[in-house]
């Protein structure tokens, strides 16, 4: 079933700041339904900071971010309802079970549906850990639990920070397939990774460039 | 008229504005202090009870008054910076803090010195002194919080919230401390019961209060200038200013 | 409202799951109060006189210690930002955590306080009012503490700074709380003090969530 979607994400002349210095040259891009973009760059180039600005968690940027032609900083509530952000810190409570973690997040925005959670975990081959405490899982398994949210919480825009980290080949290809299905039904994806991702259809690429800083010369130097 | 006000929000404009005002402020402050101190030390009467020690009042009262005034300025400018995201407002707020803390400390020291000859002890937990002490903690907390952040913008905004929380709490703390003191003091006369105000005393006191005010504005402008230079160090006008100065 | 109650339930269950962590502030309370007879005097008359202040200061410090477990982990795990992204308002997060903190830490303090009162030779009237004053005062402390906690979330040494920031703000509650108990122990009227504690509680519940929410968003930024 192809969902008709007219969503658009527009990033305009955006540069993220840290300690009053821009982290990278201003970037601009536009995503429409079915588009995906990978933000690339070296460690410390500002990929994570950029994603956090994209989520409106951070306001340390200059430039504009438009979701369906609305500035996200002014329409945060409606924007939040349509995005899912999975960052480095996965947001899982180690002392709660997998099911408790996923149910809690699911019920915040959607109707409770344990079956969907079970199905998602099975797809990710961690169905057996339904009632296992997250703290007892390996890094890769925790990553899978976090990624299960993309199946449990259907939203239009996925914002994923280094989603492939800690995933084995099987997990990686699962994620690529899930992304393709999402794009086919009109969804959008923004992700970062410092490795090339081959399996996602039509993945655009944007490298963050170092910002051109005009550092004042010391007096006396020519 | 409003355009002039909005221009103040530009660091460069404010810097030049401060530069123009400062010489005047410095002279006015100096004159006011000379006049006030002369009036207070030479031309005002002795207190019939306390003798010459009452003259500490001419430093203590203005310092205490300013300590509260500066906190209000700090909180309001912090609030303006937070709500309307005006950088200069935060500059004002952050520059106020050490000055206010010093005034508070001065009030405490002079209060303590006043106490020894008058009542025999360097410290008594009376309402005003206790209130001043808590105010000092609030100032130190503000400065410590601002210092603790690496990113200056975050530091500004967090400190602004703390200042606003403080300003709401200060009346409550004040009321609580005075109430607590009334419980435990009973009928004893307050240590700093103001001596009946002779007209000459009042003149001197008011002059000193205005002198302290001008001192505050003078030092504030200088601190703001330094803060602006630090914050805008990467901008063209600061660079050329600094290089021009050193090539002279 | 139901979102708030499910948030509160989650907060409580997470803290309770950390096995005995939630007992530490309570144990601290008992140990610290026990230090005073050793440090000052075991004389019952003097202890009864000192008791209101000691119980209140110890309660205040216990709550200060308990704040961390409700915020720090959530912040580091990325849980706070996920809550915000799920559309939960910052104010609701602060309310949920403060209420949970009070239920897990404040309420036990209220219950244990009379036992300490007995150790300090307080009469039953004073003990009863100690419970009442703590019942009204500890929630206020939890909410005020939340503000400080949110301001210092991302900082190294945030714990000590938190103490410096929050203790002056605790002073009004401390003054009226101890005064109520002192009045009760000397058979004077204490209703005024309790009323003021109630007023402080209402004022804090109305304002603290917004201050805490603003501070939280700054720390996450």
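All chains are identified by letter, namely A, B and C, in their written order; residue positions are counted from 1 within each chain.
One rule holds for everything that comes next: a contact is a pair of C-beta atoms (placed from the backbone, for glycine too) under 8 Å apart; a residue touches a chain by one contact, two chains touch by 3 or more.
Keep in mind that what you see is a predicted model, and the values were worked out from it rather than measured.
Across A-C and A-B, the chain pair carrying more C-beta contacts is A-C. When each chain is reduced to the average of its Cα atoms, A sits farthest from chain C.
With centres computed from CA atoms alone, C is the chain lying nearest the middle of all the protein shown.
Between chain B and chain C the centroid-to-centroid distance comes to 33 Å (mean Cα coordinates, whole Å).
Chain geometry summary: the mean Cα position of chain A and that of chain C are 38 Å apart.
Chain A and chain B have Cα centroids separated by 48 Å.
Shown for chain A are the residues in touch with two or more other chains, namely 60.
Counting partner chains per residue, chain C has residues 221 touching two or more of them. On the chain A side of its complex with chain C, the touching residues are 55, 57-60, 77, 80-81, 83, 85, 87-96, 104-105, 107-109. Those residues of chain B whose C-beta lies close enough to touch chain C in the complex are 82, 134, 137-138, 140-141, 144-145, 148-149, 154, 157-158, 161-162, 164-166, 168-169, 172-173, 175-177, 179-180, 183.
By the touch rule above, chain C contacts chain B in their complex via residues 147, 151-152, 155-158, 161, 164-165, 167-169, 171-172, 175-176, 179, 200, 207, 211, 214-215, 218-219, 221. Residues 3, 6, 10, 13-14, 17-18, 73, 76-79, 81-88, 220-221 of chain C are the ones that touch chain A when the two sit in their complex. The part of chain A that touches chain B in the complex is made up of residues 18-21, 60, 214-216, 219.
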